[in-house]
């Protein structure tokens, strides 16, 4: 069976890399067949771009990278490397965030994934798109 | 005088946002007139994508975002918001990293900045390009 | 009334720039309030990347740029400049194409627009995302 | 010998695709070993975004795509497909243009190429970066 076949496997995998332990991302939904995940990012003071609580852009782009990577990885069945990542910041954010990531195209050598990040009120915070290697590596 | 006019002001500013304190970035060179900064990222176990020490892509993209933002901010004289960020990952990295960021074009409403990230042996790790608001905000 | 308020105004505007006359793009749907357009690109031998009929990537990216620009322009009520454009090519294409472009976010100074290009069988050919000035210019 | 080994082979190849015949791009320098080309785009009324002569963004992005693709193709020895392309428009342009394209990284499966477009006075008009398949295809 795949190392990433269900939500429990994804939840466990997310706690392994030290930087992901810092981020404390949890999976909300995992659809391996579709290549789709929904992830949650809690609010932590350490994420701030100020003491006041606005979340640093670097935390948002990391959240997007990780969600996108898992959307393709759960479909491929193992971790895939990020080739490039593009993030458009739409609104300042504070509070917990949610990322929906979905595979747009899974080719033979590369895949393209789209991510939408929203805040607790459902407002768009950022959109991301990335290219990933389509083979584990 | 500008809030970001010299390397001491930049070093102090880098320690203020909680997420930047986590990253421990330090300035190596600051050229406000040219819109150019060189920043150093130390190696910390917390940055890992594995216990073994390979640095997580999310740390590299945050490093790129911050260096690019400062390159334009030191030229404008105050902090500017990131509009979008694009990162191409070229090689897996471990150890300390260095980012050179330089303003490509500072327009009336937006600016474009290029960033090159290298490892301790001088090898290219990633390149980034971002669009930033050209007014403090 | 706006220079771009309805589909007839858009159809007329599309024939004015010499390069757009070469492309022969026509509007299928225009929703000024939503910031959404659907455009059609006919098949012409001049678009080829080979004599055989595969469409050149440069034609596809121009089609995406134009559709995205109009999606925001019809909402703003006048033409807006492209700040940056990103295109992911998903499949080789031949035959007529269709672009659906929709404003993701229209801010005070910039806007972000998403575009999906499909072929006559409805297959995804390319996706694009662009940043545009949100003021006529 | 490679199909693209010298400037004459590149000049001949540039005239084959119908869309490239429309653009009338010519090679100025070709360095197959470095993965670097310099291409020239003449000024034609057909390129306009207006009758007045400002060049359409779609022509500039096509010029960037083609120059970038050849920079990697001359190094690989055959044509490579564009995976994605990102263009930042820095200044309106009119008159003849010049593109310098250089391979940043040629990996086993993909390559990254940077392009700088300048006008006749040497001013920056646009910068581009693209990901390409690193195998002929």
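Letters A, B, C and D mark the chains as written, and numbering starts fresh at 1 in each.
Assume contacts are C-beta pairs under 8 Å (C-beta built on N, C-alpha and C of every residue); 3 or more make two chains touch, one makes a residue touch a chain.
It should be emphasised that the depicted structure is a prediction, and the values quoted were computed from it without experimental measurement.
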**Asked** Counting C-beta pairs in contact, which comes out ahead: A-C or A-B?
**Response** A-B
**Prompt:** By mean C-alpha coordinates, which chain is most distant from subunit B?
**Reply:** C
**Message:** Using mean CA coordinates as chain centres, what's the gap between subunit A and subunit D in Å?
**Reply:** 34
**Request:** Indicate the whole-number Å distance between the mean C-alpha point of subunit A and the mean C-alpha point of subunit C.
**Result:** 29
**Message:** Averaging over Cα atoms per chain, report the distance between subunit A and subunit B in Å.
**Reply:** 22
**Multi-partner residues of subunit A (at least 2 other chains)** = 83-84, 86, 88, 112, 131
**Fill in**
So, in the complex, the side of subunit C touching subunit D is made of residues 16-20, 22-23, 45-51, 56-59, 61-63, 65-66, 81-89
**Prompt:** In the complex of these two chains, what residues of subunit B are touching subunit D?
**Reply:** 86, 88, 90-91, 104-105, 107, 112, 114, 124, 127, 129, 131
**Residues of subunit A touching subunit D in the complex** = 83-84, 86, 109-110, 112, 131, 133
